[in-house]
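Reviewing the structure listed below.
When the chains are written out, they are named A, B, C and D in that same order, and each has its own residue count from 1.
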Amino acid sequence: MAILHTINQSPDTGNQLLACVSRALPDSAIILYEDGVYAALDKIAARPNIELQKLDCKLYAVRDDCEARGLQQAALSKMVKLIDYPEFVELVTQYDVVQAWS
Amino acid sequence: MATKKIMYINRVTPHSGLTAKESLDVVLIGAAFEQDVALAFIDDGVYQLLKDQQPEKTGSRHVAKSFAALGDYDVRKIYVEQESLDERGLSEADLVDLRHENPEDDYRDTASIRLISREKLARLFGRQDVLFNF
Amino acid sequence: MLEVNGRVYPTDEEGYLENISDWSEAIAEAMAAADDIKLSEAHWDILRFLREYYHEYEIAPAVRVLTKAVGRRLGKDKGNSKYLYNLFPDGPGKQACRYAGLPKPTGCV
Amino acid sequence: MQFAILINSDPNQSPAVRSALKFTRAALEAGHTIQRVFFYQGAVTTASDMLLPPQNEEKVGELWSELAEKYKLELVVCIAAAQRRGVWSEAEAGRLGYKAHNLRADYTISGLGQLIEASVESDRLVSFG
């Protein structure tokens, strides 16, 4: 039973991302959206404690939310795949349950 | 109606707004639907279960007191993450004692709180049909 | 609003007391009288039980929970909905909680 | 697949109401169905007809109405959360003696049971905010 995690907070606003990363299992995926996309910045993704590159799970960020915030694709971690809402929907159908961190 | 595994994950402090109370409201109303229900307290959510809270000092609601009624609502599985307690210097002795009558054991009075490791709880999340986060 | 012995107590539009601390036995009797009910010792058992339950848990229990909790604490002969509905025909959750000065039961909305 | 949508955050404090709208629209356009959209906690103010943002800002409550009309969506506002935050249907306001009411057309006020029912009867619960 694989989990789709969603994160909508900047890692420096709350501790959603840390809470998620410390509990994410290898077969799960993480979608960063709204302010959650700031974690896709290469520099932040690589921070100690976060270290998204060490996670085995798949990482996605919502393209509109990145572009709205002026995050250029070149500045984002290579680990992160940009998605649009139809792909967000598709991912929800592929995973067994959604863990929407609050 | 089908029976699903529903877990309510509580991750916020109890006195900073309505969230803890509004989370409990969902649990209490949901109890009438006779689903397979569990609560989990992780991160700052473990503060919700601290005993000796005196919310009347600040005019907030006493959710810890209300949790004690969960047994009457047939909510019997209350998971508390061990690491979240450890990180805050807390132990089970600091928490309210929640109890229920266990229908699988001749309705014997049974403790509802189960300490669970972060890793096991993370696996348990994946075995649910529905996750509510508050 | 509810007037008892010359004093006026604020209630919400459904007749629940706004301040739980305003409650007295005279208030319960006045609420019951307005519904043409004379409170018996059997009614008082339930009302006292509800007061204690609320004091302990800060929850006005829904009828299903009330039934079970009464059965456990006051005996199985009282912990069934027929017995409770006989005492409180408008619904033991709502009516008994109102007489006991509690808010509307959780689970009624 | 059938989804239940839960939205928790105040539309003036968080983009959650808007993100949920985008998700719901994408799901419907992909041929999925929406069991119910449930507005809880701060999100209930989405349903107020008496919010007046400046003219250059979108009314997200209205966008939901448009989507609801097009796809016959059920938009349900939690009664307990709504009463706390001043969102009233004409019927509820009348019953409790308030003169004003502000629930937008296309939204209904109901209990938390609707949220539980939607989450049990759909394939996935997706929460925002």
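Definition applied: a residue touches a chain if its C-beta (ideal position, glycine included) is under 8 Å from a C-beta of that chain, and two chains touch if they have at least 3 such contacts.
In this text, all values refer to a predicted model and were calculated from it rather than measured experimentally.
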Comparison of C-D and B-D by number of C-beta pairs in contact, larger one: B-D
Separation of chain A from chain C, taking each centre as the mean of its C-alpha atoms, in whole Å: 50
Separation of chain C from chain D, taking each centre as the mean of its C-alpha atoms, in whole Å: 34
Centroid spacing, where centroids are CA-atom means, of chain B and chain D in whole angstrom: 27
Rounded Å distance, chain A centre to chain D centre (Cα mean): 26
Multi-partner residues of chain B (each touching 2 or more other chains): 25, 29, 32, 130-131, 133-134
Chain D residues counted as touching two or more neighbouring chains: 8, 80, 111-112, 125, 127
Sequence positions of chain A contacting 2 or more other chains: 97-98, 100, 102
Chain contact topology (line, ring, star, complete or other): other
Chain pairs in mutual contact under the definition given at the outset: A-B, A-D, B-C, B-D, C-D
Chain A-touching residues of chain D, taken from the complex the two chains share: 1, 3, 8, 14-16, 19, 22-23, 25-27, 29-30, 32, 123-129
Complex contacts: residues of chain A adjacent to chain B: 1-3, 15, 19, 22-25, 28, 96-102
Sites on chain B touched by chain A in the complex: 9, 11-12, 42-43, 118, 121-123, 125-131, 133-134
Complex contacts: residues of chain D adjacent to chain C: 79-80, 95-97, 111-112
Complex interface listing, chain D residues touching chain B: 6, 8, 40-41, 80-81, 84, 111-113, 115-117, 119-121, 125, 127
